[in-house]
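Consider the two complexes below, in which chain A is the common component and chain B and chain C are the respective partners.
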Partner chain A sequence: MKVDKKLAAFEMFSLTMILIALKLTDTTPSLFAQKAQNAFWYIPLLAFIVILPSLLILLYLLKHYQAKHLINLLEILLGNKLGKAIGFIFLLLNITFISLDSRNYVEQIRNLYFLNSSTLIIFVLFTIICIFGAIRGIEVIGYTAKIFFPFIFISFFLLAFLIYEELVWDRIFPIFGSGLPLIVEESLLKGSIYSDFILLTMGYSAFRKSHDFNTGGLVGLLFAIGVITFFFLIYAVVFDYNSIEKISFPFHEITQYVNLGDFFTNIETFFMVFWLLATFIRFILLLYLLTWLFGAIFNIKHFELLILPMGYLVMVVGLVPDNSVVNELIYRNQLLNLMTPIIMGFPLVLLLIHLFKRKKVEN
Partner chain B sequence: MKLLWLVLLSFFIMGCEDMIELEKQSYVIAVGIDETEQEGIFLFTFQIANPEVGSIASSVGSEQEASETVTIRGTDIMTATTTANAFVTKQIALDQTRVIIASESLARSDQFIRIIQSAGRTPQIRRSVQLIISQEDAATFIKNNQPTLEQRPHKYYQYMLTRAKETGIIPDADLHRFFQITEGDADLFLAMYATTNTDPKIDRGSEDNFYAGQIPKSGGNPTQFMGSAVFKEGIMIDRLTGEETRIANILDKTMEMSELLTTYPDPLAPKYRVAADYIQSQEPIIDIQYDAERNHATINVLVQFEIEILAIPSLVNYSQSEADKATLEKSIEDYNEAITKELIKKTQESYRAQPFYWSLYARKHFKDIPAFEQADWNKNIYPNADIHVSYQLKKMQFGNLLDDTNLNEVRD
Partner chain C sequence: MQNRRKKAKGNEFGVENKLSSDLVANIDLLKHCFSYGKNNDFSMRVFQAKYNQKDVLLCYYASLVNSDKIEQTIIRPLLEQSGSSLYHVIIPESVKVTSNLNEIQDHMTSGKAIMLMEDDPIAYSIDVSNFEHRGISQSENESVVRGPKEAFTESLRVNISLVRKRVRNHNLMTEVKKVGDRSTQDVQLLYIDNLVNDKLLEEVKEKLDAIKVGNVQNLELLEQYIEDRPYSIFPSIYYTERPDNAAIYLERGHIILLMESSAACLIVPITFWSFIHNPEDRYMRVIFGNFTRGVRFLALFLTTMISAIYVALANFHSQMIPPDLLLAITVTRERVPFPLILEVLIMEVAFELIREAGIRIPNPLGPTIGIVGALILGQAAVEANIISPIIVIVSALSGLTSFAISDPSFNYTVRITRFIFILSAGFFGMYSLVMAFTIWFMYAVSLKSFGIPYFAPLAPIYLSNQDTYFRKAMRKEKWRPGYLLPKDLQSARKDK
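Let's look at the complex of A and B:
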């Protein structure tokens, strides 16, 4: 019996959900709230609308050229050298981004559960686990995501259910938060929170059909945005605008706040288990894709061997910022703002080249 | 190869760095904060629970205290716990802290917000910790508080506060709400008010028109939770009686209050009072009409409630006579309206801000936060607003007796 080891649409759905929707648990909400105040909850939605055309173009081109992955597509359209050069810029941006992101999660683990341990030790352990996971390959990551995805999201919704009585819906007013111009500006600049999805196109050839990738990915994205917006809305109505700006991890703040009746009072560890699981799957996937990107650019076929040095690199870059506040409010914010025009722009350039090429062929 | 595995496996021991055995921790249930003569230095009192008492593990005949109380000077809660380790054997953990108790004199100074702010920064202290203001020093309060039935302190605070909140005589006052309201700067915050000083006042009319400490009682724990401390911009400015707190809870839709037992003046026999179960099943309807040009608001408050009559000591037959029943209904509505109006008048004139969280309704009339802050709900709109209060009795029930004993027949 021949088993098809390639991934299907549901794996793609789970991977996208974990990759994107997990942002609701980190500092992204407080980052948005700094500028937009209580209107921050619909920024993910607006940002998605801003970034959606670029994603669709990318998916269309991948399918049209039957490309193996993102770098392959760049090479087909831009030629070998230019394609690799653009890919290299993309790689540098992603290494920085993932490093800061992983630092963010390490700080969360440390601040909430391991106050006495040093960031370094937690980072080392975190990286080791991610490396071990990533070495198993994309198929295993996909299956793991598929198996655990329901549990993770059930735990999230249990949390939403438990916090329900604390919600005061009137807090969404004034509806435009700090003012409409600021909201629009923030939405335009923060489209890059979906940049992970572009990185996911590296795994294009690991799926059975391009149809699997497209449907799973788009449906996953839509659900992820729904979940993110829903949770951001919960944060907005639980904390109100003056407090949300000051809280670094609203998700964990909520888990500490809820009780399950009079008997089960401090239950945040229950939610921590699922959150930690999701975090590991997310970074294992990111590390794998990052190494794949590197391998594709430098024509290294057995790129799995590079996962260890790549994990080390991510860890070292992640350790650069002095503390989590600097990491969050300065580096990550600027990087997000910087990445958005690039992510929005380059699929458009690819599309123009594609149209130009097609015209040439017709002539 | 085996050696390599050993080295690899030892990596996982790193996770044990933060491990603390349960036995090696002292769980603080209540933290008391007092002023000292020196600014910036506070007196911290930790009530530490003894987990062995009340558990199955405690051996028969072992006579251990349920809790230990220590008091220490310090600049903030966390460093004070370290200093306390000079005489407390185990590491002091604040994860299980249920209440923070501050003395009234500290709450009335501007130092209060500073010390509470540092509590919010500490990850160990949860945002669901309740805030209690004690009339006397917090250290004295914790020392005097000796519950006999519920000796384990965590259960004592949990049950005591849950039950008192259900009846509405104290507000729900967790740290989360304190920060929200203080940072929002558009409402007043109500903290629980309690004392162990007893100073009974007998002639206050109804059963909850008391400040803490004034309840005439004998026996039981000297601690009384009654009424609330009013905070404006992080400083305590006044206190409310149990009755006023209950009204504030009724008017605030974020407060949960299901039912409470109360008495009303008997309209046909003024010497007696009618005992009733006040049931608030719906949120109050608060309608704010805002005139942007004059920056003036008209607020219409409609409270719908139900009443179940529990006792009619005057034995007037309210249940059978429609006319008398209507009189009683009218009198209950009027009574509630009168005390509510009085409280609102007090907030408008003397506090010049409101503790009902009504800024929530006002926000809807603004397009964005800068506009809302510019209009200044707290200072400009509310104190000058026209407020109309009306209570509406939806349903009145008479318990499970159809008719009261006929006094004349009994006496025959």
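Let's look at the complex of A and C:
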């Protein structure tokens, strides 16, 4: 019997939340704090405003052309070859970005819990789980995200609740940190932290209706920005500008600050469990989307078979940086700055072509 | 397939497949076919009917029929009464007519008496079957405090009547499918005709048709022939011995399979939730029922995870254990020579051994093993410094809570899962434990039972009563499960 097994709006919401909001747990806050100091907390908000038009344009075009996914849309608008070429550039950027990102998470796991283990072993295990998960397909990833999401959300909420007594609200001042121009510049450059969402449009056809994708995605994005900003604000008022620059993983740092009553004083492992669940789902999803992107560009129908080599590739690229500091402050920073204009620009180009085409048809 | 079987049988005896109008020839045919003389319980009797003065042959398996009934309703009327036709003379409720030898064989083996008459090329098959079976008893594996206590028994007719008693609906169909090439058994498909999805029904029938074996003795074996993934650790068919449970699922649009000589039924298709839910959740008021469910989810978590979490925390994340407790654990572990994971495994394996032995042990010895088990596990092992006392608590907790998962199939899933998690926790602590859990969970989510996603209607979502973790108040339940694509989705009255 065939029942509709496609994804619905809540799955999209959960996927978007896990994909985007998880940024609050990695090194993104300290990356922002390097320049913006204690004003880093609203950079995600500004960056979102910068990138929002591009995302909306993309969603509109996908719906308008009834495209199956991003590459399909590029092909419709730019023609077969040019579309695929742009897609290929996008693929290269994403492979690098996701590799560095996964290295970032592996370093977190290693530095916080398994200092004596080698990065390689942890990375191998990480890749194995990503491959095993991704092989189950986008629907299963969506279902799993949906079922896990409430638990992950509750754990984050609990953390915010428990840290409350540590907050010193005066620390948000000076409100513009190291100066407004610097913050605006940083916001303009870091729009690419939302680039994962563009990758998510590869899964457009896995949803029941385009309405599900759009609503779930946009509501998820808004919530994610809210949660990120909220947590960044917490970091800012817990650590103040001097220490936040030096702390690489503020999320894990605050899990070590909190107690649950007098008896349970070290409960970071509790939060780590939910954080790990979210991390796994995130990278499983990214790996799947990346392989899908690859499959779409090279016209490979059964791209699921490529998940294993793709996972391996991501791991190998992720192992290239010598250490986490280089990875974080040089490679990832540069890549984020490089990606932003591309992410912002290409939907605009697509829109121009769309308008041009429409005019041509009208004439 | 039916045709092929008939053909094969015809060749087996090397004789014509049809009856002739010569009674003597027919008698010879039947004698040959049923190995008369060699086969002790095959009985034959020839006498003259009074109403038309013709010779009559009556044959049956003496062990399958009710001889009183034969005497009262067939033989005596034929010998004594007169009338215009056979149907005016004999009394039994069900008489079928056939001339095909294979059909005669099928009827004979299912407990019917075959009657042949002089100058008549047809056989009358008269239902006088009397299969021995146990009476209806209390449900033993799925007991409830509140709610009906009766369980299915090893008789198809009784079981159907138990279901019909609860589903007073003329649309309840009891369709028969034959399985087995050599010893043909009836599989009874129960469904509500104006609810069940036709494609689903077809799929189930196809699966039954696809069984190509000589004999499928009972439901427990049938389950393994029709399930999708025989090697999966998750069951995909629900096996229950409670007729009230069967009736609930029938009303939702599921299909029930029954067989002679099985004191249970199979329900298809099924989701993960059915294994966690218990019919009693619905018999209790919504708050009480949901409280029980909460307890059961806690039990599910504890039984699969507690030992693994203990291994992970004590080995890799000891900072998480509060200092006083950590010191207590360390002191008790001081004299134990084994690594912690081995300790946990010893205890868990011991528990599984006692459990298996407890099921197989003859009843009079039952209490003994309890004492021996408790002594060995609890007292002696600790005193001998083989294991530390805290392990006894942990594994007793994980063992006991596994009994809260009442479904026997899912219980095995849970127990196997526990070992997977313990081993993975010993590898890289919480990191590998969460990894194993994610893979395990994603595998479960990817499963399907007859095309239905395992975690429906939670993920993916369908229109239904959303009876997943917790259930709603009874009067708010308005829908049948949308994932079954029933013909009538709304279960509450339409005008509401």
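The definition used in the following text is that the second predicted complex is superposed on the first by the 361 of 363 C-alpha atoms of A that agree within 3 Å, B and C clash if a C-alpha of one lies under 4 Å from a C-alpha of the other, contacts with A are read in each partner's own complex, and residues count from 1 in each chain.
Throughout what follows, a contact is a pair of C-beta atoms (placed from the backbone, for glycine too) under 8 Å apart; a residue touches a chain by one contact, two chains touch by 3 or more.
Given the structure is predicted, the values throughout are model-derived calculations rather than measurements.
A.B. asks: Would you check which partner chain A:Val140 touches, where first means chain B only, second means chain C only, and both and neither mean what they say?
C.D. replies: A:Val140: touches chain C, not chain B.
A.B. asks: By the touch definition at the top of the document, which applies to A:Ile109: first (chain B), second (chain C), both, or neither?
C.D. replies: Touch partner of A:Ile109: chain C, not chain B.
A.B. asks: Tell me which partner A:Tyr312 touches in the superposition: chain B (first), chain C (second), both or neither.
C.D. replies: neither
A.B. asks: Check whether A:Asn266 is in contact with chain B, with chain C, with both or with neither, and answer first, second, both or neither.
C.D. replies: both
A.B. asks: What is the contact status of A:Leu125 with respect to chain B (first) and chain C (second): first, second, both, or neither?
C.D. replies: Once the two structures are laid over each other on A, A:Leu125 reaches both partners.
A.B. asks: According to the stated criteria, A:Phe161 is in contact with first (chain B), second (chain C), both, or neither; which is it?
C.D. replies: Touch partners of A:Phe161: none, neither chain B nor chain C.
A.B. asks: Once the structures are superposed on A, label A:Tyr65 by its partner contacts, choosing first (chain B), second (chain C), both or neither.
C.D. replies: In the superposition, A:Tyr65 contacts neither chain B nor chain C.
A.B. asks: Touch check for A:Lys6: first (chain B), second (chain C), both, or neither?
C.D. replies: second
A.B. asks: Quick check on the output: what are the common chain A residues between the chain B footprint and the chain C footprint?
C.D. replies: On chain A, the overlap between the chain B and chain C contacts is residues 113-114, 117, 125, 128, 265-266.
A.B. asks: With touch defined as at the start, can you tell me which chain C residues reach chain A in the complex?
C.D. replies: Per the stated touch rule, the residues are 197, 199-200, 203, 269, 313, 316-317, 319-320, 322, 428-432, 434-435, 437-439, 441-443, 445-446, 450-453, 455-456, 458-462, 483, 485.
A.B. asks: Name, in rising order, each residue of chain A that touches chain C in their complex.
C.D. replies: 1-8, 10-11, 109, 113-114, 117, 122, 125, 128-129, 132-133, 136-137, 139-144, 146-147, 263-270, 272-273, 276-277, 280-281, 284
A.B. asks: Where on chain A is chain B touching in the complex?
C.D. replies: 37-39, 111-117, 121, 124-125, 128, 165, 168, 170-171, 173-180, 239-243, 246, 253, 256-257, 259, 262, 265-266
A.B. asks: In the complex of these two chains, what residues of chain B are touching chain A?
C.D. replies: Checking each residue of chain B against chain A gives 11-12, 14-15, 17-18, 95-96, 123-124, 126-128, 158, 162, 176, 179-180, 183-185, 253-254, 256, 360-361, 363-364, 366-372.
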